[in-house]
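The two complexes that follow have subunit A in common; it is paired with subunit B in the first and with subunit C in the second.
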Partner chain A sequence: MKNSSPTLAVTLNTFREAVRDRVLYNLVAFAVILIASAVLFGEISIGIQKTILINLGLSSISVFGLLISIFLGIGLVFKEVDKRSLYALLSKPVRRSQFIIGKFLGLNLTLAVNTALMSAGLWAALYYLARRFEAPDLFIWVAIYFILLQLFLVTAICLFFSCFSTPLLSAIFTFLLYVIGTFSADLRAFGEMTQNASWKALTSFLYYLLPNFSDFSVAAAVSHGKPVAGGLILLNTLYTLCYAAVLLAASVAIFARKDLK
Partner chain B sequence: MSRAGAKPIAAVFALVMIAGLAASAGLQTAIDRRMAPYLGTPDELWIPSGKVLKRLSLGNSGLMADIYWTRVVQYYGGQIRDRKTDFSLLGPLLDITVELDPNLLVAYRFGSIFLCEASPRGAGEPMQAVRLIEKGIQANPDEWRLWHDLGFIYYWDLKNYPAAAQAYLDGSKNSHADPWMKVMAAVISQKGGNRETSRFLWTEIYRSAEDTMIRQNAEEHLQSLQAMDDMEELDKRILLFREKTGRPPQALSELVTEGLLKGVPIDPLGFPYRLSPGGKVVLSPKSSIRLEEETPPPQPEKSS
Partner chain C sequence: MAAIEIEGLSKDYQTGFWRKHPWRALDGLSLRVEQGEVFGFLGHNGAGKTTTLKLLTGLIFPTAGTATILGKPLGQPETFRHIGYLPENPYFYDYLTAQELLDYFARFFPLTSDERRLRRDAVLEQAGLDGFRNLPLRKFSKGMLQRLGIAQAVLHQPEVVLLDEPMSGLDPMGRREVRDLIVRMKTEGKTVFFSTHILSDAEALCDRVAILNRGKLAGVGPISELLKTLPGFEAVIECSSPEALYEIEPLAAKPVSASGGQYRMEVTEQNVRPLLALCERDDVRLLSLNPLHTSLEDYFAELSSAKDAAPVRARGASS
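Coming up: the complex of A and B.
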């Protein structure tokens, strides 16, 4: 408990700081408006009112979550160094590793709360549209959970880059890694198409090295009421935990050696 | 500046702003009129590949498919509204939509209707519709209604009764399929095209369609079939009239006088049927019913 309390303090402080950020509220409000607009969007199409609401809602949660995680994540370490508040913090009994872990958990807590708010908006819009919930709608929660896992990974990547780079470069690196991560299956397929053993080995290596964000894309399936297998939920959870732990360990290692003078 | 002097200045500013906004609105209206010739650019698909769009969507392919499906609906509706007969983008747009989301059933089911409808109400491309539905069946093997749609295109648009019967038979093997699918396969296989089968199939489409446009389309076809039945029955009564009086009737009211009809019959839209100068029963010019093309003679299946 003694060891975890500084981490908890950093976590809660990061959360409080993020909640005070006005940009955060704007993004949430915008997402809610977007979800509400899905109801109107359904009017100009045929037969997809509910599908489009679910797809638009989940995409909004994902895109706005991504923006929040990148734009808050890039400043996690840099802001503390820039404002010199880190020196005061580290003069207290807080280890550098606790600071990094606390920052990571704090941003994830913020993202979880934001996702919960946006999800509430989505479910309210869904109820407004259908006037009832059906059993397959429960899988929307799985899609939301997968978005959250995806955001946790993005936060870990962002934090990793922010330990040794400027906020602008961290944002660019994180976004590019996110884009590459959605194409990783294509990367491997490309290697297999070349019929060259070296290329094949390299693309396979990159496939396993880079984060695979396409693992979390179940929104289209759940919008049609299709179930998501329990095994996939478990594996994606373990994958996120494993990959985020690696990135976090790397971040701690880099930050521990960082010259703060 | 004194407070008393500030008030008139504020009022002048407010008046200038209101006048300025009103003037710009008027100018915009004038620009809209002059811009019309420049806005009529041909429809184009900037990214014609569904696969590329799927990758560019960065995991949001479901939403992208919904957007493309809405584009299909808007394109189809826009061409109909503007009385254009070119539906060349319909097929590619539908292909992109189902590539983005292979489970989007509405795109297969309604998209095939848009493709099948003869010009000027659609693309008049039933073979494209067949390919679209076949893609849908491949991606959604549990959806027996896609087999019904395939059978219906073969039956109604292509008049290919053996292929229609086969589609209904294949669809009936699905464990969720309604029992009438098997019956339909047998009926089409034996009798080919006939009005009763057509009525049943359109009724089924009317019953299952959730969208008002599709229901209305089915209703119009059902009204047309009903009118054809009525006119056939009236022709029989005219024949009876001729046998009874030895002359053709001048108006349908004469059949009423002779006791062959209880009153002048009306079509499903409420307009009275009329007699043409040639003595054939026709629809009122006010009626918007479009009579179906008669199906070719039945093609009984050869017994082996």
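Coming up: the complex of A and C.
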């Protein structure tokens, strides 16, 4: 077969880089252990063992996914520029946009595989505890899917900052945006409460500008066996696609004009 | 069609944190490199050599001017199919092996998997890295990385090869191998454009050289034309008796330098005949007698002392 797509080649190499990173294994192993330990927490929580397990398991997947995405994401472009490994790569027939998109997809592939591993740990713990699965348990998959969508957004944010900032600053900016984004619904609610039109306009503007992570948090509902609306799944998917696309376009625009000194 | 055509290429960098000041790294460079040439790019540190190569590979963008490679604009994937590039002090992904790196880079070219494997194996062998193909790059020495850098530059058999300080970090054997590789590329009809500090390499390999000084083109042409012929000759002799050396020494215009049983000396035109007469003796043997030239080192020193870089000779350079 003649040459594969440059984007695919960059994607697979980014995935390979992440897979060979020992820190990643430590994080995944730690997450799986934490999920397993949720069984013990469940043992001392009479009557709500399963709720505790699902809550702790999903939180572990989310927190460790976030750590991995920030840890790897901040260096995606910066490390290649800093170490000058890009020089040889970008003198091959690959566009800078293909490089950026390949890096983004490669890290997301890594996150998807890691999330799958951690989810397998959660399901194994769940089976160990309950010895059977029930229909509402299927919504755990939706919660995991939402975590993945969040991680994709975090990766896009990291990549964006990585195009022009140092890893430390990128990590700080991304983490701050994540925290603000988790409370973005409260930000809008605060604006609604004030009588000041300027404040209202400002909070609304920030609500739409900053990433909205609050709609992705369904772990509490799912752990109590509550369903997730199909509309929310569709909206969150579309929101992630659009927001990530805008961030990717901005990253490409910045990187396309960057002098690699 | 020229292999490389550069017209008025300039590059400014911004320096300073709060108040940015432009600093011109390359100033109106115009140059034409013909296909099949081995072209040397010489200059001090900071003269603009690496800047030029980065401009040609699209890693940085020009402030002014244009350039083409084989008639194609810079920075386009179509152009990159025809060029190979070795960056200065190359660094590659240290989590990969040499084989994996070359496989990865080969994927950017229209090659079948069999062709990729054949090319990879061929360049690994050429670079003398066949036995290290499965060694992680983090374990490679500087010289091995340099050779791998050259291997990846020629992996896709480009017509134009751009090498930034290809001899840097290599031991004498490594340098010789790279020299041989450049000669082989020339016999294959490739254009080789390389920057170097090592003037003897440029003298040995290049059809023409360009000399950059403080971002400006100071001279371009064959080395023999750039270097001035001086009055007098340089003689190298072997002398087996001290008495003969006592007779020879007064003929030298400067102190005689000795190395490995050989004596190198400068003689004026008037002293050539007496020297040749002495060489008739059994204890003296003339090894070489050549007209004196300024060396490239002298040429560089002359440029450094000049306040402004005025073009010395601009044969082959567009105005």
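Heads up, the rule we're going with is that the second predicted complex is superposed on the first by the 257 of 261 C-alpha atoms of A that agree within 3 Å, B and C clash if a C-alpha of one lies under 4 Å from a C-alpha of the other, contacts with A are read in each partner's own complex, and residues count from 1 in each chain.
Everything below uses one rule, namely that a contact is a pair of C-beta atoms (placed from the backbone, for glycine too) under 8 Å apart; a residue touches a chain by one contact, two chains touch by 3 or more.
Just so we're clear, the structure is a prediction, and the values are computed from it rather than from any experiment.
*Asks:* Answer with clash or fit: subunit B and subunit C placed together on subunit A by superposition.
*Replies:* In the superposition, subunit B and subunit C stay clear of each other.
*Asks:* Would you sort A:D259 into first (subunit B), second (subunit C), both or neither based on which partner it touches?
*Replies:* second
*Asks:* One more residue to check, A:H224. First (subunit B), second (subunit C), both or neither?
*Replies:* First partner only.
*Asks:* If we overlay the two complexes on their shared chain A, which of subunit B and subunit C does A:I233 touch? Say first, second, both or neither.
*Replies:* In the superposition, A:I233 contacts neither subunit B nor subunit C.
*Asks:* So, does A:V179 touch the first partner subunit B, the second partner subunit C, both, or neither?
*Replies:* first
*Asks:* Between the C-alpha centres of subunit B and subunit C, what angle is subtended at subunit A's, in steps of 10°?
*Replies:* For this superposition the angle at subunit A equals 150 degrees.
*Asks:* Just subunit B (first), just subunit C (second), both, or neither: which does A:I52 touch?
*Replies:* Touch status of A:I52: first partner only.
*Asks:* Look at A:L187 in the shared chain and tell me whether it touches subunit B only, subunit C only, both, or neither; answer first, second, both or neither.
*Replies:* It touches nothing on subunit B or subunit C.
*Asks:* Looking at the overlay, what does A:P93 touch: subunit B (first), subunit C (second), both, or neither?
*Replies:* Only subunit C is touched by A:P93; subunit B is not.
*Asks:* With the superposition applied, I'd like the minimum CA-CA separation between subunit B and subunit C in Å.
*Replies:* Superposition on chain A places subunit B and subunit C at a least C-alpha distance of 33 Å.
*Asks:* Sort out for me which residues of subunit B touch subunit A in the complex.
*Replies:* Within the complex, subunit B touches subunit A at residues 55, 58-63, 65-66, 69-70, 73-74, 101, 103-106, 109-110, 210-211, 213-214.
*Asks:* Give every residue of subunit C touching subunit A within the complex, in rising order.
*Replies:* 13, 54, 57-61, 77-78, 80-81, 83-87, 89-93, 95-96, 100, 104-105, 107-113, 149, 152-153
*Asks:* Under the definition above, what is the set of subunit A residues touching subunit C in their complex?
*Replies:* Subunit A reaches subunit C through residues 1-4, 6, 9, 13, 16-17, 20-21, 83-95, 257, 259-261.
*Asks:* Could you pull out which subunit A residues touch subunit B in their complex?
*Replies:* It comes out as residues 41, 44-48, 51-52, 54-56, 58-59, 62-63, 178-179, 182-183, 186, 213-214, 216-217, 219-221, 223-224, 226.
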